[in-house]
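These are the structures, in structure tokens.
Each of the next two complexes has subunit A plus one other chain: subunit B in the first, subunit C in the second.
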Partner chain A sequence: MSDSNRLVGQERRSDGFWACLALPGVGWLALFFLLPFYVILCVAFGTVDPIFQTPSPEWNPLAWNTAAFEFVFEGLFTSGAAFQTVFVRTLAYVAIATALALLIAYPVAYYVARYGGRWKGLLLVGLIAPFFISYLMRMLAWINLLQDDGWVNDVLVWVGILDAPRNWLDGRASSVILGLVYGYVPFMILPLYAFLDRIDKSLLEAARDLGASPFQAFRMVTLPLSMPAILAGIVIIALPMFGDYYTPDLLSQSPSTSMIGNQIVLYIQGGQQIPVGAALVVVLMLFLSVLMGYYLYATARAQRRLGR
Partner chain B sequence: MTRLRDWWANPWGKPRFLVLYTALYLVWSIVPILVAIRFSFNEGRSRSTAQGWSLRWYTEDPDLSVLNDPALSSALVQSLRLAVIAALVTVPLGVALAIGLTRWRGRGAGTSRAVSLATLVTPEIVMGTALLLVFVHLLTFVQLGTVAQAIGHITFSLVFVVIIVRGRLLAIGPQYEEAARDLGASQLQAVRLALLPMLVPAIVASGIIVFAISMDDFVISAFLSSGTSTDTVPVRIYATGRTAPTPALNALATLTLALTLVIALVGFLLWRAVRATRGQTGSTVGEFAALDAESVP
Partner chain C sequence: MSHPRESRYGRREFLGRSAAGVVGLSSLSTILAACGGADNGNFKPPELMLARPDSPVTWPLLDDNPMIASGLEPESGTLRIYNWNGYLWPRIKKDFAKEYGVKVEETFFTTLDEAISKIASGAVEFDVFFPTPDRLGRLVVGKTLQPLNHDYLPNLANVWPSVQDPWYDKESRYTVPYVTWTTGIGYRTDKVSTTPDSLSNPYEIYWDEANRGKLYLLDDGRDAPAHMLLKNGVEDINTEDIEQIALAKDELKSLYDLNVKVSTDDYTNLPEGRAWVHQMWSGSAISAQWYLPEGTGADALGFWFPQDGAGTIGNDNIAIPRNAKNPVLAHHFLNYLLDSKHGYDNFSNYVGYQPPFTRLDPDRLIADGIVPANLRTAIVRESDFDKGYFLTELTPAGQTEWQNAWAEFKAGV
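Let's look at the complex of A and B:
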């Protein structure tokens, strides 16, 4: 027993060593991740220099000026205002694209995890490949395909679905959503695969032994078990989609498909109203933190239910 | 009808619908890329139809090929430079952070863990804006351009190293360091001699991942670029994707892809080799996928 006392002392001393090991990384994140957030707040609550039109951040929280936030909230809560339209559109695009991605990702992940067999290695290479291809290159590929004289139009006209080639790249929601689904679906498949691959097959055998049909076994065992992975997959692709601006820029280039990310870029890089851009970022972050909070809560609940 | 029901209910039968579905997905996922690569070898200027075969847009065209258009070749160099810097700095920083965070129990440990995970779920546009504003208004000694971009890449890729190395550390457990300590090693020696050799596969894997996500990054590189000279390949694709008059952009993208794949493949073979010398077995691709799945942004 005296031994364990000695160990506790040693552990306490070693704790300082572990903290020192973590220090450079923690310091880095404090300097380049936490501090920048404070600067965003200071710019969003700051003012704009009346002569040079450059933002002057307000470093003192007691003197923060809420003009930029008032502007953003007025735009968000006035029906028909630009911010509200864009925000609702972003929500719709993300919801549709995420739902489509789930419809594509789940069966594929399920098939590879359960029936991959000796092809599993090759199938996994196919699922991983998009990770090593730049997202922008994957959008470029669709720009090539969706041109007026591109192969998509060729095929659709040849099959007879279209009478004449259609311009897919001039502000169509369908093209943007296609881009989002194509771009983000690999990020959903892999976590789903990793999770489904770990499900104990004897649970399914038990369900079958107790008289469940394969579909019932799937619905009552596999699907509930994979709820946490589905939620994780949804959050993993929905969060970056909310900040996406390059997919609509590349596949539509029209204000009629602009998303919240496009608005942020417009204000941040446009110059004169940078505090409004910073305030938009803060509002987006707050909105997403609600999503993330819900996700953490739902995951914890799903795990509790499974544990029971 | 009964035959169909039997076929459907047969637990040992092949799920034909899923086979077709997965095959279609893979075709849909890969064919557009192959088409884009195909057009990069066009003889003509079209980016939407096949026009013969040539290396015109890679090397031959005197003004517009990747080799001879500085805007294109410099983007490739910049992408590569950033990815190498990011991998070289992020891996040591992240390994130390992962070991520290996994073993550290005292005050501040929980917060530090939460902060490092928070970078994983922060959309890039938020991080890009934050870094841009901090470099313009507060840390003004950091110039926009390569240094700022490298800092950005290191910041968002740190968490991937932490996740990969931490997963391995939890699997190893603390007993090896404890044994080393019992045998008289100092704490640093225990980490260096007992722990690090066992972490080599995870370190190699995280190096590949950092390299790949740095090559892939668009938002941070774009926000922190100081102009055309520090544009990376994705930034160039964004800037000229709709207006580029020739397939040279496809050639640039193809070269970047080939480079990333070669480095990933070399890294993968290295990873498999060091893993084998450590006596770990099992499906290598499968485990690699699991690693990647954990580190998905």
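Let's look at the complex of A and C:
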């Protein structure tokens, strides 16, 4: 009796102790995420200063002004309106870029994890090293590569794929998607590698022993096992892609490839409709939280399926 | 009237109503009346007038915002400048610092509106600030700038008489002019088949099929639509008429077919060959020669601006924020930039935008090799200021309409 009481007491104490470890994280989130997010909400639901035309946030939720949201929703739900067009385009670009990134990242991660051997570390560093350079610099480098007289055209013409140099920077959706894929692919490779590397090889051997072909073993063992990593990779790269605006700005500059981030920048950087920009941010965030919710649900389901 | 945020009207209706107040009464007092009882209960604001060349504005001098006294010694603190990036020759700062035995620090802003919100919040303290005439009213009425004491600014006499006493700030009470510019059309003489001046309506060059994919407009929600209006013979580029705004928007959107792009890097897009036709600021046309690839001469560049000066034109300002820590030193700095030699060096070595000095005549600029002879059109003449169209301050409602039209164009709908 007394023994078990002591045990319970100990567990309680240690529970409190472990919970305290979460405090710095919780404090950090509250200070640098919840508070700024509340400020954005207050700007989106606020008014503008009558003299300076700068935003005056409305701190009291009871007095929130919904005009900016009405404007944004009107634009999102009117077919052919600016916000809807840009939102659908963004969705398409992100979906295509994420799929391409997965197609590129999976084999790379698989190769490094399974066949990297003692070169694993070096291969990983080699893959990641270019990404120590700032995103902006890498996009600027692409501008040089893709120019009329750039190396991409030189190579394609030399190999004979193209007869004449192509104007890749001609406001093409493909250039923007290429930029997105290139910019974010390492963040797909890393989680996939981390997960694939941990897959127990004996499971694959068991599959082969039970008569599965290598492809069947991959399809029925490796792929389901790596599902949580695929989902994590998709989330990690899709979220920042949704807010991207500099990739279309640098690689296209054409209005016909602008993304939702470009509209946000347009409204936030100048003029007196900053609440509209803030409302766009909030709406985008709500949309992403739905995706995030699905991710949490899907990973939980995948884990359950794996019987963990 | 209750506070707008308590009213059952949405924000847009509020802006609409208050804008009507501004138009009708030429005054901000209606807006402020609408806000009565808010933070500024006892605040009686001066009137915000929308300055236009044909209705100039003399901003009031206010008792609670006095100018500095004459005959003071410059402070010895660090002179803090708030400016666009690349808009001041670093050597000027160095030389000024040496001459006055002070430090000079420059902070950059990306957009003027971003800078205004920081200055309006009072959170930043700068000694020298570079606003534009279309934002001047709110800065003065909001009491963020201090009146200038002309005793410290004898060099103001170096600039054209018209900008010594400009329509947006009569008597130069709060600002002095910095540099001037026109918005024209830059083109590659070695690439285009038709030049703007060979067309009866030069703005039609934007629709020339031959430049498909090599066509750029300035990424500026006022400048780009202004050319659309001028193409259609609408001279009031500050119109707030919904139909005219829609006209400009439709003209912009008709350029999608030619794969139009937008950028403010006009000074590199044209020389580096990304653009063959580029809506362009005159200062960029002059700087573009420095970015030409080897083997391409400056004669590959062309710049069109109406001969008679009836095109988009403007100038930027220098001002001193009210909360400047070193106001006397700041006055000296303004005077330093208005010095013919310093202003000329700043222009010809780095900025490419031309100060409105009386002594700077086009022939001298060409003879000095600052401007290639074929870009003579990029030189701003004093006479251009008589005929040119200025982009001026708009009412909040007008600004909203223009911004939404621009956002729609930029969405690629």
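One rule holds in what follows: the second predicted complex is superposed on the first by the 272 of 308 C-alpha atoms of A that agree within 3 Å, B and C clash if a C-alpha of one lies under 4 Å from a C-alpha of the other, contacts with A are read in each partner's own complex, and residues count from 1 in each chain.
As a convention for this text, a residue touches a chain if its C-beta (ideal position, glycine included) is under 8 Å from a C-beta of that chain, and two chains touch if they have at least 3 such contacts.
Note that the structure is predicted; figures quoted are calculated from it, not measured.
J.: Does the superposition put A:F77 against subunit B (first), subunit C (second), both, or neither?
T.: neither
J.: Check whether A:L21 is in contact with subunit B, with subunit C, with both or with neither, and answer first, second, both or neither.
T.: The answer is first: A:L21 touches subunit B but not subunit C.
J.: After the superposition on A, what does A:Q253 contact: first (subunit B), second (subunit C), both or neither?
T.: both
J.: Taking the superposition on A as described, I'd like to know which of subunit B and subunit C A:L169 touches: first, second, both or neither.
T.: Once the two structures are laid over each other on A, A:L169 reaches both partners.
J.: In the superposed arrangement, which partner chain does A:F52 touch: subunit B (first), subunit C (second), both, or neither?
T.: In the superposition, A:F52 touches subunit C alone.
J.: Mind working out whether A:G126 is in touch with subunit B, subunit C, both or neither, as first, second, both or neither?
T.: In the superposition, A:G126 touches subunit B alone.
J.: Could you say whether A:Q263 touches subunit B, subunit C, both of them, or neither, answering first, second, both or neither?
T.: So A:Q263 only meets subunit C here.
J.: Quick one: subunit B or subunit C, who's touching more of subunit A?
T.: When the residues of subunit A touched by each partner are counted, B comes out ahead.
J.: Could you list which residues of subunit A make contact with subunit B in one structure and with subunit C in the other?
T.: 55, 147-148, 169, 253
J.: Show me the residue ranges of subunit C that touch subunit A in the complex, using the header's touch definition.
T.: 4-6, 10-12, 14-15, 18, 28, 31-32, 34-35, 45, 48, 110-114, 116-117, 120-121, 138, 141-142, 213, 216, 219, 221, 256, 259-263, 273-274, 396, 399-400, 403-404, 406-413
J.: For a test of understanding, state which residues of subunit B touch subunit A in their complex under the given definition.
T.: Residues in contact with subunit A: 8-9, 11, 14-15, 18-19, 21-22, 25-26, 28-30, 32-33, 35-36, 39, 46-49, 93-94, 96-97, 99-101, 103-106, 108-109, 112, 115-116, 118-119, 121-127, 129-134, 137-139, 151-152, 154-155, 158, 162, 187-188, 191, 212, 215-216, 218-219, 223, 233-234, 237-238, 241-242, 249-250, 253, 256-257, 260-261, 264, 283, 285-286, 288-290, 292-294, 296-297.
J.: For subunit A, which residues count as touching subunit B in their complex?
T.: Within the complex, subunit A contacts subunit B at residues 11, 14-26, 28-37, 39-40, 42-43, 55, 57, 104, 107-108, 110-112, 115, 120-121, 123-145, 147-151, 169, 182, 185-187, 190-191, 193-194, 197, 208, 213-214, 235-236, 239-240, 242-246, 249-250, 253, 261, 264-265, 268, 274, 277-278, 281, 284-285, 288, 292.
J.: Quick one: which bits of subunit A touch subunit C in the complex? Just the residue numbers, please.
T.: Residue positions touching the partner: 46-55, 58, 63, 65-68, 70-71, 80-83, 85-86, 89, 147-148, 167, 169-171, 252-258, 262-263, 266-267, 269-273, 275.
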